[in-house]
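Structures for review follow.
Look for chain A in each of the two complexes below; its partner is chain B in the first and chain C in the second.
Moving on, here comes the complex of A and B:
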């Protein structure tokens, strides 16, 4: 039971938002309309490029945590822009976020996919193992959305404060 | 919880420098969940400046897992700390009764 329903996702996303507000993070809940799956969590941050001739340049990244109807798990979508406004393509994104992975592996990890709410191409982490990984958490996690973000976020430089782990009262 | 001398020895080869003495180390308790093999010795002492990913690699090596499998570490049934987080910070936030309780599980992450 690593998967979760749309209703669970919505409840847990709201709990996550409450924790974020308490901790002073900049997560917001975007709601296009009340239909499944048109509500998602969003946050953005600026990170420094690490390799190539643009090392040290600031890249602004917007992360979306969207419910995947096909897989019944949260999915991480994101888009990265350079400071001149240009978009990082797939190769640039791989170089920036996963410099140590092989290209053959990367096709199974991070590719461009259709954003289920915005219907635009976004970079996305593949969801096929997410339910399995979440299931390994002994007792089911109190908030699978939080678990998901803390597990998969670091792959694309999205780090949560340690204090997120303290909020056990949200069950 | 008293620190066991043999657990000190077990990790000290790879983690200690002359500067840090055993007293400054952090006691962690490892719990297996899901289908991961159990490590008999559950209490370990670790250099506070080691990262979460170092512990993940340690468990991975200890259990001789396949390269495609990954160790996931988490606290409180819910939260997986970032791999570059150091144990000291994690202990300050999540330590109880003088030790840090960590849960671990394994799975293939992708593909």
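Moving on, here comes the complex of A and C:
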């Protein structure tokens, strides 16, 4: 269980968005309705498939950083689709992000869950160990959302520019 | 300039990239607005020249908005969707003519100067589609029309912007260009007078034209410029015919992730032949997108997985099971579970609970058989019914349960049969004879059509016919019976024969092969002999501690799943530790385990001490339900035999020779007990 409150999440997400805008990145803050937790950070990118018969095919991945009420930590949800609009299921997603290692830790945390804001099944990195991981992350961070994205994102090819870490005022 | 180093400039073709939201919105528009109309609809797409992958033209749900709102770092493309009503219309449409029509509209914009005011008209595309909304399938074909103009020859090598002389002046001039003008623009570079300016395309002028770089946001990640440059060049030459035969410099503006434009490319090209686009009658067009196989043809995508709620549920249910397979039990065979057809005799407390557990495991085919109506006492224990079902007064359990299962999981195939199970010793009157025969036929057929028979009724004698039919038709039979605070769950020994390994002999363990195991009627149904008072399981079945049925139902389904996962299925041997020989606990630890642990013959448990024991017992050669004598007689005489047993159970006892046996120990079989009569308000 983390110690991030919904208000903290919102504040830090907005700080993150500011950094992103300064750096010219394409993150946006989506607000669905007035039922909290209703707001999440969103961005998307294209990734080339790495293995199988569709290697080289482009896939569009949309990432959502959402607040987990039960774990009190940020959570990474994402959805990937092919050029015809069809979604990748869990197996295809696993294959894309973990072409080799079957015993990878990611196997344990990459799963499908209901999106807490959109109420639809999305791929997600399970939040059960996030609090622990965030605590192990060196000196306490002022922006857990930023730390979280930089720690968890790379597992699913979401890489932040180093410049995010250099925005001293927030980290 | 010599012609040797001139090569024909090639373009990176557009690749359509569709967001699922584009299909969602199309379905919504078709259902709510367009209905039967198939008139064309204006749409917009977008493309980005920042950190571009491939050469993508993207569409999402915003495509249908009245005004284009391309996302950050993206530019708008102008399009049209022709969504046909039927697949036949989609197929029959004259594709060449459509391309010509669209191409002519493009030429009109080029010639009229409309494209000068709004250059996004040059990035024109259209989609021919058919949305099969029932199956959530979308047939579609993108086209990016382009007039077939004389080829452009590349002069010299392709250059990077940063490698040009004066590149820093160019770059600073380009940085001043507002984003919305970046799709098509002019870079005016007068080195002599040191004037470097990025200008709107609308300032196009034939004067000083050799000092201009014709810039465009280039979504291509390749060395070739994007397909849009083709229309751009045609448009420029149409506007400035003096460009024919002269070198023209094109600048493909490309941002990297950090928004640097250093890697933008410059192509110097020449078109030697003139071509008047206003004479559109002579112009040919190209632009249909190749499909995934590199052929001229449409594409099809099934969006069922993300658009059909039933499919969404099915996938989510399967996910839980698949996670079990992926993470914990890699060899778990989920296919066999979806394929196995289950027939439940009884849709009461046990039947409802078993059915729900079957759904949880991903079983798809569930049939229930019961003759009762939902009563007022039922809903609290029988978890597929509601109070309203009882109030209605005419809801039959079997059909109501089948319907509820379907409501819970729409992809389940369920059925309910309102049928009385004929029972030994329950005489069939003359008036009911025809109906009974009819019911028998249905029951026999149902057993035949299923793989697994669950015995979940509330009386002992109602289990006789299903036990016999299960044995006669070589089905897997799972039986659950309840006492006040005790339960018995067992798999019947199979009559199926198949060569294969027999069970291993293990010291301290008794091993009985699957075809030698007893059925419910082979054994005495007295609860395990321990210090507690013996209670027969059936006698008090209508008065049970509520948890008992849920426990028994869960064990029944788990036992079936363990059996299905065993390589020998119902032929799998059962082991049990023989008590009284010491070390029985040690021996119990040696029972061979299958995929999901051990596979016992029966589970007898008590709630009063929270204990289970797992006895395995042999087939009884004189069994009144599964012995060879009974099965042979049934096969020989069919209904006539069954009717004789319904007349009097004594017939069975004589047939099997059990009368003799009973004389010796009258405690074992207790068949004609009137207390077993099914009543209407029981827990069924």
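One rule holds in what follows: the second predicted complex is superposed on the first by the 159 of 171 C-alpha atoms of A that agree within 3 Å, B and C clash if a C-alpha of one lies under 4 Å from a C-alpha of the other, contacts with A are read in each partner's own complex, and residues count from 1 in each chain.
The rule we apply is simple: contacts are C-beta pairs under 8 Å (C-beta built on N, C-alpha and C of every residue); 3 or more make two chains touch, one makes a residue touch a chain.
These numbers were taken from a predicted model, which means no experiment stands behind them.
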{"item": "First, second, both or neither for A:154, with chain B first and chain C second", "value": "first"}
{"item": "Contacts of A:70 with chain B and chain C, given as first, second, both or neither", "value": "neither"}
{"item": "Partner chain(s) touched by A:141 [first = chain B, second = chain C, both, neither]", "value": "first"}
{"item": "Partner chain in contact with A:108 - chain B first, chain C second, else both or neither", "value": "both"}
{"item": "Broader residue contact with chain A after superposition on the shared chain, chain B or chain C", "value": "B"}
{"item": "First, second, both or neither for A:90, with chain B first and chain C second", "value": "second"}
{"item": "On chain A, positions contacted by chain B and by chain C", "value": "108"}
{"item": "Chain A contact footprint on chain C (complex, rising order)", "value": "15-20, 22-23, 53-54, 56, 71-73, 138, 257-259, 299, 301-303, 305-306, 312, 315-316, 319, 322-323, 326-327"}
{"item": "Partner chain B, residues of chain A touching it in the complex", "value": "105, 108-109, 126, 128-129, 132-133, 135-143, 146-147, 150-151, 153-154, 159-160, 162-166, 168"}
{"item": "Touch list for chain B against partner chain A, complex", "value": "31, 33-36, 72, 74-85, 89-90, 93-94, 103, 105-111"}
{"item": "Touching residues on chain A, where the partner in the complex is chain C", "value": "24, 26, 46, 48, 58, 60, 81, 83-87, 89-91, 107-108, 111-112, 120-121, 161"}
